[in-house]
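Take a look at the following structure, please.
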Amino acid sequence: MDKGSNEVLLEIMGLHKEYDGITALENINLSIKKGEVVVALGPSGCGKSTLLRCLNGLESIQGGDIKFRNKSLINKDVNWQEIRQHIGMVFQSYDLFPHMTVMENILLGPIKVQKRNKFEVMEQAKQLLDRVGLLERLNSYPRQLSGGQKQRIAIVRALCMNPDIMLFDEVTASLDPEMVREVLEVILGLAKQGMTMVIVTHEMSFAQAVADKIVFIDKGSICEISEPDVFFTNPETERAKHFLNIFQY
Amino acid sequence: MNLNWQFIMDSLPLYREAGWTTLKLGFLGILISLIIGFVCSIVLYFKVKVLKSIVQVYIELSRNTPLLIQLFFLYFGLTKLGIALSENACAIIGLSFLGGSYMAEAYRSGLEAISKTQIESGLSIGLNKAQLVRYVIFPQAFSVSMPSLGANCIFLLKETSIVGAISVVDLMNITKDLIGMYYQTFEALFMLVAVYVVIILPLSLLLTWLERKVRYAEFGN
Amino acid sequence: MQSLGISVLFKGMNMQRLFDGLLVTAKIAFISIVIGSFLGIVLGVIWTSKSKWIRSVCRIYLEVFRIIPILVWLFIMYFGVTTALNLHVSGEITSIIVFTLWGAAEMGDIVRGALESLPKHQIESGKAIGLSFWGLYRYILIPQAIRRMLPGAINLATRMVKTTSLVVLIGVIDVIKVGQQIIEFSRLEVPTASFWVYGFVFILYFIICYPLSMLAKRLENKWNG
């Protein structure tokens, strides 16, 4: 694994987010280096998904700053269409476009947004599909696929934009248990290749396996940032201990 | 009941012509309705200021008044204010005024059926607003709206039966004339029903088939 | 006098006459809606039968009204049936018959849809506690179905009210006919009479139909939203 780079890709400084006066995230400080895999953990409703959505401009923020490659993303005139090509995102509800085939789903962004050459993109798409084991489904419609297959396609759709960083928002939360693994393995594979990722998940052993850094969020603020081995064996804060205990029988 | 087939044969050209009139008026009415409805639904969906209120008032006025009164008002009422329109023009305007609001509702229900997560997915691959509408929102909304749009087409075609009231030479007027002049009541009514069945039944079957096809082909996750 | 065209509405007994005409329209609508709804509910229950034959007959009955315009049905009843049976039936009776039959067909479809949309286990658990056929409908199905069908039923009523405007075309002296008489009568004095009279009738229909469709929309949002 190449984790040698020290280039900071994404930097969050004093981020503050509220909905109608109710604070959702407070004073979030976090920097993500190139090649790093950051996993955000925390109880439901703690704000970890909201944080991820802020990073992709799906939520507005009320204070602080987010810098992507040293450029602030909180300006009014930030071109999000441009930024989002570099920040891939995969959602819990997979949300493939139901009226398009797998291939059309994947090609839409690269061809219409990035104006890339169709054949070149198709080659890349095929390689990626092959890597997630779904090459033979390229002409299927989403309704013909299982949840796990759809989610793997959604990952390919985001990857085919050649993003610098990938955001995963509870991507296994609505999958049947037997399909969770096939999706997590794809993400693990990406980590091995050195993809920069921010992952929100409830899969603890997966988090331990994939993360370079665990960020524990509770009640809208970061309680603890640790190495995974430290976090899972000997967390610093009481709140993290309490959280981890819930997962043990 | 014995029908006078000779009379029916003789009246055939009259009904054919009136049937064409009905089809032409219906077709134009439907076409303009689809356009009006489309524009209105866009205004409502994107909550365009001022225009939105105008569209809402239009939709309520159009949906809560009978076509017959709309036609009388257009044809007899407005003429008196110096706006003279031919009966055919009135018929098309009336049908479009009525149909526009129905089509708008049909489109709107389709647009509202698109989930927020679909839109976010589109945004996350960098689509701009126009691309989002073009590639993600419209194709899906159209599939959802299809059945209602189809039902509205049939509804409007049937409503053309009313334009005879403003002296358009349509199927109803011909029938009334034939009954009044020749007392061939059954023959005239038989032809009237036959022509409407010929016009509407195939369309109705086609739409049922299309609806099934669209529903099972495009959706169902 | 042209600028005061609106005065035609208030001259003499005109307003009174217009409302008398409206009453005729309202009566036709009311009777048809009440009888039609009742027949429709019966039809809807029959429609949920398992027999393919019964279902097909119900379906054809509805499609006959969906394919042939109501005005054509009014013509068939008014001109055809009276000629065939050689007896005179007034326009009012004719329109009540046609609207009732049409209303029953549409109402039947609404009721069928509502009943069929109820989850199957509701019927099963009703049977499981030993309810009879009627008990099942009385206590389990109808109360739940009403919520699902009321918005549609109100919309149907609105449509029926709007469609009553057609009765003028088979010689009923309804609000439109009265309006036409007024226009005819004041043609010379008030040339713009048709603008005001038809405008007034337009508003009258709106005043009746708008609250109904608002109510339907509200119920729909409340129960199905």
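Chains here go by letter, A, B and C, matching the order in which they are written, and residues are numbered from 1 within each.
To be clear about the criterion, a residue touches a chain if its C-beta (ideal position, glycine included) is under 8 Å from a C-beta of that chain, and two chains touch if they have at least 3 such contacts.
All values derive from a computational prediction rather than experimental measurement.
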Touch-based graph of the chains, sorted into line, ring, star, complete or other: line
Centroid-based (C-alpha) most distant chain relative to chain B: A
Most centrally placed chain - per-chain CA mean versus overall CA mean: B
Between chain B and chain A, distance of the C-alpha-averaged centres to the nearest whole Å: 47
For chain B paired with chain C, centre-to-centre distance based on mean C-alpha positions, whole Å: 20
Whole-Å separation of chain centres (CA-atom averages), chain A against chain C: 56
Chain A-facing residues of chain B, complex: 115, 117-118, 120-128, 131, 135-136, 139-140, 143, 218-221
Residue ranges of chain B touching chain C (in the complex, touch as defined): 1, 60-61, 63-70, 72-73, 76-81, 154, 158-159, 161-162, 165, 172, 175-176, 179, 185-186, 188-189, 192-193, 196-197, 200-201, 204
Sites on chain A touched by chain B in the complex: 56-58, 80-82, 84-85, 88-89, 91, 93, 95-99, 108-109, 112-114, 142-143, 154, 157-158, 161
Interfacial residue positions of chain C with respect to chain B in the complex: 63, 66-72, 75-76, 79-80, 83-84, 158, 162-166, 168-169, 176, 183, 191-199, 201-202, 205-206, 209-210, 213
